[in-house]
Every structure is written in structure tokens, then in C-alpha cells.
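We just call them A, B, C, D and E in the order they show up, numbering each chain from 1.
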Amino acid sequence: MTQSLKDKLVILLLAALGTAFMVTFIAIEEQTEIFALLLVAAALIVAAAKFGVIKAISQCLSRNEKLMNGAVIAAVLVVVFWFREDHFPLLMIATVMMYVIACFGLNMQFGYTGVVNFAGAAFFGIGCYTAAVLGDTSVPLLMVIALGGIAAAIIGSILIIPVLRTRGHYAAVVTIAFGLLFRTFLEVNDTLGGPQGLRVPGMNLFGWDFNSNIEISENIELSFYMNYVILALIMVILAFVLMRRIERSWIGLNFDAVRLDETAAACFGIDIKRWKITAFTLGNFLAGTAGALYAMMLGFIAPSNFAFSDSLILVSIVLLGGMGSLWGTILAAGLVVLLPEKLQAIQEYRFLIYAIVMILILLFRPQGILPRGLRAYIPGWRG
Amino acid sequence: MDVGLLGQFVVNGMMLGMMYALVAVGFTLFFGVLDVIKFSHGDVLMVGTFAGFSTYLGLTAIGIDNAFVQLVGVLVVSIASMALLGAIIARYLVLPLKSAPPLNTLLVTLMLGTVLRESIRLFYPDGSNPKHFPSLLPTDAWSFGSFTLRADSVILLIGGLLVIIGVNVLINRTRLGLAIRAVAQDEETAKCMGINFKMIVLLTFALGSGVAAFAGVMNGLYYNEINFGMGLLLGVIGFSAAIVGGLGNIYGAILGGFLFAGLQTLGAVALPFASAYKDVFAFAVIIALIAWRPTGLIAEKTSERV
Amino acid sequence: MEQQQETVLAFRGLTRRFGGVVALNQFNMELTNRQIVGLIGPNGSGKTTSFNVLTGIYAANGGSIEFLGQDITSWPAQKVYEAGVARTFQRSRLCLELSIFDNIMIGNHKRLNHGIMFNVFQRKALQKQITENHEEARKLLQIFNPALADKMFEPVGTLRMIDRRRIEICRALISHPRLLLLDEPSAGMTHEETRELMEDILEVREMIDGLSIILVEHEMGMIERVTDKCIVLNFGQKICEGAYRDVASDKLVQEAYLGGE
Amino acid sequence: KDKVKVAFIGPLTGGVSAVGVGGRNSAELAVQLRNADPSAKYEYELVTQDSECKPNVGVQAATKVASDKSIIGLVGHYCSAVAMGAVDIYHKFNLPMSVWGAVLPDVTYGNDYKEIHRVNGTMINQNDVAAKFMTDQGYKTWVVLYDTTDYGKGHNKYFTEYLAKNGGEILADFGVSSDQQDFTAELTKAKQLNPDVIFFGGLTPLGVRIRAQMEKLGITAQFQGASGIKSDSFIDGVGELSEGVVSFLEGAPVDKLPGGQYFIEKYKAAGFAESEEAYGPFAFAAMNLILDGIEEVGPNRKKLTKYLGKIQDHDSIVGKISFDDHGQNTVAAITKYVVQDGKWVVWEDSEYATGARKLAGK
Amino acid sequence: MATASALEVKNIYAAYDSADVLEGVSLSVPAGKITCLLGSNGAGKSTIIRAILGLTPPRSGDILVDDQSLVGLPTHKVIAAGVACIPEGRKVFPKMTVVDNLRLGGYQENSETVLRDRMDQVFDIFPRLKERRNQLAGTMSGGEQAMVSIGRGLMAAPKVLLIDEPSLGLSPLFVKENFNIIQRINNQGITVFLVEQNVHQTLAIAHYGYVLSQGRVVAQGTAQELSENKEVHEAYFG
């Protein structure tokens, strides 16, 4: 068997395995089963790492990036289709995707460029509120998603001066303060619904109402969340491509240089301000677009969704996945969004368990689940 | 506004500022020794307060009801147990992560904060409800017109001040302080100087956490109410205060703490439109201040060379 | 061959203070096309500071800097680089997490297209630019250490100190600067390695049009062999200037720097 | 017996989790008792979900419950903002439900959804009674503190409205954030205005802090709270200072009703670790209402909705329940409480009513 | 050798996570003498020092100071045994003043007066440090930092002083002075273990020397022998 054929088989097998895992994980409700599944998965991964399988697999994957991307998309589609009539799993899948987009934004900011942002939820929230405010106007709703991003980027520019001037912990405080300020402002000020929040009209594309179920035939009626899942998937793919292309370009290199050594970067002509602004704005834009679609899907938003703790959830996704690692972010988003949900049956104990699980992961995998590798400008190319 | 009222605001603001400053000092210490932000600090404070509270209940239960003895017992148990907790945190959560990206420590300690908070909420008897913390200090009060000065406030202020001065002397004037600062800058070289690295880190975390416990008990004595969520906001504000003041020196933490308290008081008192905006106001000023002095009001001395 | 005697760089009364310390005191110097100047002097005499002021990391407190006929005294670092000044650092400042290729490309900034449209949408053109630059970087590395040329996509953090220095020099050279500032490139190298490095640098000078070099070194063998002229600093002041042979025999220099026999 | 699923949603984690857990226990008790009843037609299974008091999480929980066709009825929501976000979903999926704690009027009156019901009263009724009662006691001037959540802001709005009707005067109002610790600045300003009463619209934790800090500043005004502070933990939290604090809660006093006594006994017997809190009885009553409906019309959402729509004068441990055409319980009697010797006592039974003790400033 | 060894390294193996660096190195550093270790870049010289200090504990083998085994001891215990080190690359504490840096050198000494005496001695050797006693060490020039680093090593008044490439980045005058200082230190009775690239000057002051290549000792002998050793000469002398 040739190497490439072998690779292809491996990838297909992995995709099938992954799909099966996702379907089971989402479908089962019994706590013991969930724990058993997670344990089995963890054991498999540890064993694979022990025997060098992981390394072989990752090499195989990096050789066949296109195929892998395709396989992942196909796997997601299979999972989505599997749950075509179940509203809740689809809602969760769509939620994961929107978190992924927002966290891509954060990755651009501190994974790539080192601009810390602890107000991710605020920028996500700006997108949500844009959708709420513009949803009833005649602005086309697809445009509203973009406008949500733009609003986040513009409001974020208030912070540009302090963000540019500060580093590290100092920058963290700027964004923490902004996040708190944003939420308090929404709560106190009644023009945007105050603490009671606002209704948000659903997505409607050229007369296609996203909020009604899709009737295929008499007996087959797909959940209306399918609409959102598909749109979110498209957005995730677009965001992924954008992130990848930026990373694998001179811009990504500039970002890294700014993050790692500002002085040296400046001595080689890299405009620190320009790239920090670019990353900060683009990151906020991504968070804003994700927020806008999220608000449309959820139909209702209130200030308490955009608290400091929500920003921290976004940050923890990025760290857990591995700073700057796109696949890591996707995995971590799935874990962080789904795990507390899957732990519902332990009710009031689930935050405790969740926090303990997070601590354990971080202790044993300090670089994140899937640390970012070296930049490969052109996949498979080694000069 | 009459003078008495002004005085009242000043004293209130000072109490609040002292509390913030004590928390901020803790952040400065941890940052000083390992360049890490320990975000569970506020929650350690909260646990310390609950430890003190339990001690009070225990002492009352065995029939000791002399307020002074109780106060000493509360302080000793609370500070000692939190010092131990701080050392444990350092040993098992912070040290293992010292070579990982700094944000990881932040995240781990944040999660630890959740664990502490949830543990109190779930496992402390009736932990999700606020508790009545006893007044163990003399409650004499002197009124001057609209100005009421209470003995307990004065004692707490002085106590807080003494603790801060003590920490400052410890850091800047003692051998231990020298070691703490050295460890902060370069672990390996500090070891080569004969410093017991682990011990210093554990001691620093114990110290910082002990200070937090003190602040927690002080909080309880002053407000007579404690609850499992009290540490969260105090932690965030203490952190902000430490940063605005300028990390790496204790004066910055004190300045930041009092500044923040001043802003909040000012916001509540003087904002003509609505006092509900006082936090918006305080945080906006914080952002502006950081934009103006990007390394804190008392700037860290730069030492980076090219 | 007719040598152009164009002035590349001129310091006029350059002064820089740090608190009470006068790191540069009325420093005057000139550098002409294709010249290699050795900047020497005791520790703390202001050599590195002069690089930092020149490259815009520190502002000058007085005096002016002229580069290729322009007054660049208060230019920011980026602009100085664009104008054609590249440097290495006394303490290596590579991005250890990045690959050798990435590090070298950071130095190539001004010759790359940083437009968002170009980088995100014109992938074909970008890939062409990448492969071309890769080839060039490879050639450059080949001169310094052929083994490195095969490790272009390995993180710099895994390399030996000496190779890191070489990469730093490549990073400075890749953009074809007009002026190269080398801050103690041979520190920590054996004699043999120092000699190799020197030869490599001379070889590169032949490749790049009109490249002038300022070399800060404490290794007098190297200074003697490669420099056209030497400038000696002491307490931020120039105490002597001329060919190495002359400078070395200067009494002041002997006393302050070389420590006579 | 066939198995039938019913659901409960409430805040089980976060700042108001005490009330949420109390509500959940009460709902669970209702299900347990029903299952123990041999004459019940079905065996019930309770599904519980945590809303964290956050709208987005609540909407997720609502979707999970509503889209699960095996769940026939729901008792849900203590936090109004969450309820506001979730009602659309119940309507969309035709899930009949009853609110057990949220007091914002808009939850029932802001829509025409026939699925939505509420056994407890709204903050309108409460403030109506409160304003009238307090002015009747002879108080003239107020300073209002409220937290800037929907709960606090709502109380501020309606209390102000009804106080104006009854001729009371508000000297100043202060919005405070729901996690604020220190109120000395606000209270110092209040002290200067020297009001007869300090009204607090918000929940127990803040209520405790404000009451305690009033003492520190030597404020002797009467303290009056909204339903949010009517809990034993308020008394535990402020200790002796709780004496004479008044509060108002929808529903007849539980222990006065025959069923209420029964509830309290059973709750104790069931051995829950947490107290039922102020709204536990409502959760219990709402769950019983749903279970009654299922017993009557069978496990069918549409039929249950219809059944609930017709509820009039239905006996429950919180008094008779009658829904108006918005599904709002109209018999929401408001009970006035005052703390006497470390206990919430119904005003009419208290020594304050007889004049043996006096409220502050009287 | 006639003299007793102050420091004995016996057949140590050491490795970083990726690669083996030391493969059976044995050295003996006679008391009261200067012993030097030569070798090209990356030969593993600094690793030996790290192994002695317990920073990179050896995988096997033994290290003895005054017949006390150091293997497995934490670094601060090694220092307590009378070893001090002037690390490669100076490693001054950048955010501390010169005085604080020096104090840290004498960290294990409790007596203030002793410390003050030692500091005066250091200031005698490096007047520049006295001038700049309150400057932050991080802002000093490379050479000035070297002075701080050496001074700091002296503050410990050790039995054995490990010095890793002290002349790196120093001016020729200062390099000479540096070697004089090392000799002076040695004359005070301190055993010196010196790692250097500067072969000529090193052998001029050392009593005994080792040459390390790729983690193995390839030559050893008195300074005299080494400078006459033809192979060593070819490989390492410029």
C-alpha cells in the first residue's frame, strides 16, 4: 500500500471514529455513561500518545491537510444530520460553533499578537445588541451579522489607546475594566432594555425564516436550529480560513514578532501599533459577528450574559486549546460548552466538578490540548 | 456639604480603601515573587473569613465568650489556615505551572477560586446564604454632628495600616524580602545564591494569603456580614488597584486601593445623574488612568536593556 | 577600482544621558561607503548606547544623526530600518519559538508585501514570494553554516548559542541594508569560530552593494583584521580614531582599554 | 403505571442558588408525594435544569426541556430575565408551564402565550400593598435603594409609583450593583436626608449588608424590604438588627393554610439539606397544579395547557389559585410580615400590630 | 596529585530532555588551586557546572565536595556546602540595585558586619560598583554587569568558586584585570574552577586543566602540559 493511500485510510478511519464519538457524546444523558465515555476517550488518547500513535497521526494529518479539513467538515455534517430533528443537540452544536468564532477572534488577539483581552464577552455582547437593535429594521439580516462585527470593532477602538500603551497584566486590567463597565452600563441604562434584556428577531434570509422548522415531507421535519447550524458552520469555515491564511502569511509572522519581542520587531521595521490595532480590531470583529448570530438564534439577550465570568470562559477556551491553535480552540470550545451541559444531572455540583476538571487538564497539559505548531506557510512544504 | 458629612465620607472611603489595599498588597506579593497573578486571592479571603467565623462559632460553643479572646482566636485560626492554604496552592498549583505560559496560572487560580467558592456554597452548613459575623470590637461611637466615628472602625484602620507597614518592612528591609525579590526575577540564579526557592515561594504565598485572611476578618468585623460570593469582586478590584497603582511595589497597591475606594465613593456621592453609574464611572477612570500611566501610577522602574 | 567616498553615516555631537550617567557625550563620527568601522572601548563606554540611539530605540538628548544625507535623529526604529540600517543585539534577541526561516524573514520586513489583501486573498502570489525568499535565506545561511540551511523549519530555541548568533546576523543581512551594526558578534566563540565568522562577514559584504559595517568587539584580533578604521570610546566620549594599528599604540587607548603590556 | 416526565428549571448555581435549590427541593417533594400516592394514575419523573440565573443558559435549558416531547409540563424560573427569554420557547414548543418565583409583570402580561402561567403574584401587587401599608403606619419620607437587576429596578419603579399614589415622598433613590459590598457612601447620603423609612428593592444578601451598615452609620430609620429579603437567612445574616424589619410576600402565609402545614411537615420529613426558602411553597404548588392536570387530562401538552387555562379557585398550599386570561394567578393575596424575636411573623399576629412593640420611629 | 581535592566529579552522565550532553565526565579540582575547563561551544562545560550546582542533576555518577556527596541535594544545600558560582551570562538581578545584588551573593551569611566587610572588599576591587551602588543592575552595560556578577560570587566567601566564562564581553583591559582578580581570589585560598574560551590567558593563571569535547574529557594535565599538548593546541588555540 502506498503512503498516501495509507494516509487516506487513516484519516477516514479517524473521521469515522470522531463522528461516532461526537454522536454518542451528544446523545447520551446518563451520567455514568458520560463519565465512562470520557474515561475511555482519555485512556485511548493517553495510550495512543504512549505508543507514538499520536505523533504518527499528526504527521499523517499535516501531510494531508486538505483531506483532513474535508473529513472534519464531513464528520460535522454527519453529526448534524444525525440530530436533524433534535432541537437541543443542534442548539448546542451551533452554540459551540459561535464560541469557536469568538475564540478565533481572541486567538488573533492574544494567541497570535499577544494583546490580552479579558472583555471577549463584551465584544460578543456588542454583536448581540447590534442584532437586537437592527433586527427589526429593514437592514438585511445577513448584513446585520457583519454590522455586529463592525460595531464591536468600532466600540473596541475606544480601548485602542490604552491597549497599545500597555502590556501584560496592565492590558488585562484595561479590558477587565471595560468588560465590567460594559455590563453595568447595559444594566443601568434602560434604552437597551436594561437588566430585563431585549428580544431579538430570528434570522431571515431572503424570506427564508430561520426560526421555523424545515419541512421536507409529511413525516420529515428538520429542527429549525438546522438553519443556524449550517449558517454557523459556514461562518466557522470562513473564520477558519481567514485565521489560517493570516497565520500562514507575513501578517501572521508580524503578529508573532510583536508578541515575542516588540523591541526587536521595531528594529526590523515592524509597525507594532499597526499590527496590534489590526489584531485587536479583527478579533473584536469576529467576536461581534458570532454574537450577532448567537443573539438571533437565542432570540433573547440580557446584560447578565456578558459578565466577566463569560469573558473568562472565552479566555479559558483559548488557553485550554493551546494559544494560537485553531484546532485546539475548536476542541476546547466543544469541551467547555458541552461539559457543563452534560454534567447537568449533578446539578449544583457541576461548576465544582467543571472547575476541578479544568485544573487537572491545565496541570497535565500546560501548553493546551493541542499546542500550536510551527508555522507551515505552505502545507507540506519544507523548502 | 457640611464638614461632618465630608468627614464621614472620608472615613468610610478610608475603610473601603484599606480593605482594597490589603487585597492589592497580596496581588503585588504574588506578582513580585513569581510574576504570576493568583486570581483565587479574593476567594481565599472569603474562605479565611469563613474559617474565622467557624472559629467564633466553635469558641462560643465551648463557652468562651470573651470578645477579646474570641477576636484573637478568630484572627489566629483564620490567618494560619489561609497561610497554609496559600502554601498548598503554591505547592500544587502554582509551582508546577511555572514554566507554562503565565496566563495558565491565571486560569488555574481562577478555577481554584471557583472551587473554593462552590465548596463553601455547597459544603459549609447553609453556605449559600449570608452569615452574621459578630462584632468583636468595642462598638463605642462618637458623634460630631452628622459625623459618627466608631471605635471599631478606628481599630480596624489602624490594624490594616500596621499590617501593610509590616509587609512593607518585611519586603524591603529584611533578608526574607531580599530573597523574595530575587526569586521573582530569576529563579535559577536565586537558587545559586543559596536561596531555598521552594521555601521562599511557599512563604510568600503563605504571607499573601495570611494578609488576605486578615482583610477578610476585617471585612467581616466591619460589615458584620459574610457570604460565599464576597471574594469575587474584592479580588477583581484588588487586582485592578494593584495594577493602577503599579505592580511591583507596595505603595502602588496602597495608592491603587485608596484611589479605587475614593472613586467609588465619589461616584456614589457626587454623580448628579444617577448613583447607579458609579461603577461605570470608576472603571472608566481606571481605564483613563492606565492609558495615561501605562505602567501604573507609581511606575515600575524599567530595567530592560537592549 | 574607484572607491566612492560617499558619507553613509555621521554623528554630530551625539549625546545621551541616563539619569546622572552620560552614556554618550558629544560623540562625532563618520562612516563612508563600504567601510568597516570598529567601535571599541571599555565596558560601559557607550558603544551599545550609540547603536540604540542610532536605531531609534533611545532618543538622543543632543546632537544629530545623519544617514545617507537625511537627518534621522528622531526617527522611530521602524523608519530607521526602512532607510537601510540593520543590527544585531549584544544579548541575542531571536524569537525562540519561531523557526529559523521565520526569524530571518522578520529581518526581511521591508522587502515583503504586508497588505491584507495580498496576504489573505492572493495566495498564489504570496506563495511565490515565500519560496523566493526561502531560497534567498537559504543561500545566505549556507555561507554561515550549511547545516543550518537544512533546519530552516526548526525552532531557533533548540539551537546552540553560536548558531543563534549566526542567524541573528543573517536576519540583519537579508534585507540588504546599507549599514550593518554588529554588537559583539563573537562573544563566547573560540578563536577558530571567531575567525570563521569574520570571513563569512567579509564574504557577505562582497555580495551586498555598498554595505558599511560598524563592529563593536572586544576581540582585538577580529578588529585588527576586518576594520578599515577604529573609533575608541571612553565614558561616552571619543578618545581616539584611526587605523587599528595607530589606535592600538595610542597611550590613552592603552591605558583605558587595551591595558598595555 | 405509565411513566410521565415533568420538569423544573431554576438557578441552582450562582448568587441566588439558595432560593433555586429550595424551589427544586419543593418541586421534587411534590413529585415524590404524588408517586407515593397509590391513587395516582402515572408514575412521575422529575427532570431538573439549572438556569444559573443567566438568560442564555436559561434559554438553553428551556430548549432542552421544551424540545423533549416526553416532558409534559414545567415549573420554571425564579429570575425574571431568564423567564422573559424562555417564554417564547415554551410557546413555540407548546409546553405548558407555570412560573414559581419570577415576579416581573411582563412574564405573563408581556405576551399572549396560553402556555405561560404563574402561581405567584407580580411585583405590582406587592408594592401596591406595601406602599399603602407603610403610609398607613404614618411614615412620610423614604430613601430607596435598589439593585440594578430587573428585580430591583422593577421594585423601584412600582414602589415609587404606588407610594406617590398614597402620598409618600421619596427623598432619593440609589441604584446599587447586585454584588456590591459597601453601601456606606449611599447610606451616609441617606442619613443626611433623614428619611422615615429605608426601602430596599433587592434580594437577601444585599438586604443583609444594607441593614448591617445602616447600624454602623447610626441610621435609625425603619427598614422595609421587598419580597426578596423575606427569608430566614436574612434574619440569620443580620442577627438582632432584624427586629422590626418589614417585608411583603405574595400568597397567603403558608403555615396558616391547612395544606401549608402539611407541606412544611413533609418538607422536613423528606430530609432536604437546604431550606425551602420563601418561594419553595410556590414551586410546590405549581408542581402540584401540573400534576393535578396530568392526572385529570392525561400526559398531553395541549390538553394540559387547556386544563391550566381553566383553573379557577383551585386549592393549593399558597391559597386559592385562579388564572386570568394571561395565566396570572389573580388571587395573589399579599401577606405583610415583620420580624419579631428572630422570626418572620405575619403582621396581624405580631405584637407590632397590637401596639405592644413599635416600628422604628413610631 | 599531592593536594587534596576540594571538588571531585566522578563519572557523571547528564542530559537535557532531548539529548545526552555529558557522557562519563570525571574531574578533580584540587583545593586551593585554579583548575580550568576548556572546550568548544556546546561541549557541555556549562552543563558540568549546572550538574555540580544541582540545577541539572546528573543521571548517574557522583559529585563530592570535601567528601560530601552533592548529588540529589537541592541547590541551596550545595551552596551551603561552600560552593559559589559566577554563572554564564552574568545573570544579575536586573530589577535590583548593585548593593542588593551583592547582598544576595552573601545570602547565607547572617552577620551584617561580615557582609559589610566583604562588600567593602568587593568595592575595593571594583570601584565602579561603589560609584553605581544604587543603579539597577539591569540598566548597566555588559561589562559592568560582569563586575556585579563577580562581586556577587565573592560575597559568598566560598570554598570553591565556579566561574563560567567570566571574560565574555569584557574589554581586553578588563579581561586581563579579570584574570588578575581570579588569581587574587585564589591567593586568598579559594579554590577556583574556571570555564573559559580564552585559552592563552586561562592557562597562564591555571594550575591544572581539562579539555572537554562532546561531553567527554579528551585531555587533562597541568597547565604547562596542556599548552604543550599538540593536539589540544591545534584544536583550540587560535
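Following the convention adopted for this analysis, a residue touches a chain if its C-beta (ideal position, glycine included) is under 8 Å from a C-beta of that chain, and two chains touch if they have at least 3 such contacts.
All figures in this text were calculated on a predicted structure; none of them were measured in a lab.
Peer 1: Using the contact definition given at the top, which chains are in touch with both chain A and chain D?
Peer 2: B
Peer 1: With one step meaning two chains touch, work out the least steps from chain B to chain E.
Peer 2: The fewest steps needed to get from chain B to chain E is 1.
Peer 1: Quick check: how many Å separate the C-alpha centres of chain A and chain B?
Peer 2: Roughly 34 Å, centre to centre.
Peer 1: With chain centres defined as C-alpha means, what is the inter-centre distance between chain A and chain E in Å?
Peer 2: Here the centre of chain E sits 52 Å away from the centre of chain A.
Peer 1: Just how far, in Å, is the C-alpha centre of chain C from the one of chain A?
Peer 2: Measuring from centre to centre gives 43 Å for this pair.
Peer 1: Mark out which residues of chain B touch at least two other chains, giving numbers and ranges.
Peer 2: Expected reply: 118, 274, 276, 279, 304-306.
Peer 1: Touching at least two other chains at once: which residues of chain D meet that condition?
Peer 2: In chain D, 13, 17, 21, 148, 175, 177 touch at least two other chains.
Peer 1: Which chain E residues reach two or more other chains?
Peer 2: Expected reply: 139.
Peer 1: Quick check: in the complex, which residue numbers of chain B touch chain E?
Peer 2: Listed in rising order, the residues of chain B that touch chain E are 175, 178-179, 181-182, 184-186, 188-198, 248, 300-305.
Peer 1: Chain B touches which residues of chain E in the complex?
Peer 2: Residues 53, 55, 74-76, 79-80, 84-85, 87, 91, 93-96, 100, 103-105, 107-108, 110, 136-139, 152, 156.
Peer 1: Touching chain D in the complex: which residues of chain A?
Peer 2: Counting only chain A, the residues touching chain D are 86-88, 91-92, 95, 184, 187-188, 190, 194-197, 199, 211, 223, 294, 298-302, 304-305, 307, 341, 344, 347-348, 350-351.
Peer 1: Mind listing the chain D positions that touch chain A in their complex?
Peer 2: Residue list for chain D touching chain A: 12-13, 17, 21, 24, 48-50, 53-56, 59-60, 63-64, 66-68, 80-81, 84-86, 88-89, 92-93, 104, 106, 148-150, 152-153, 175, 177.
Peer 1: Inside the complex, what are the residues of chain D that reach chain B?
Peer 2: Contacts found on chain D: 13, 15, 17-18, 21, 148, 174-177, 179-182, 184-186, 188-189, 191-192, 204-205, 208-209, 212-213, 215-218, 231, 233, 236-239, 274-275.
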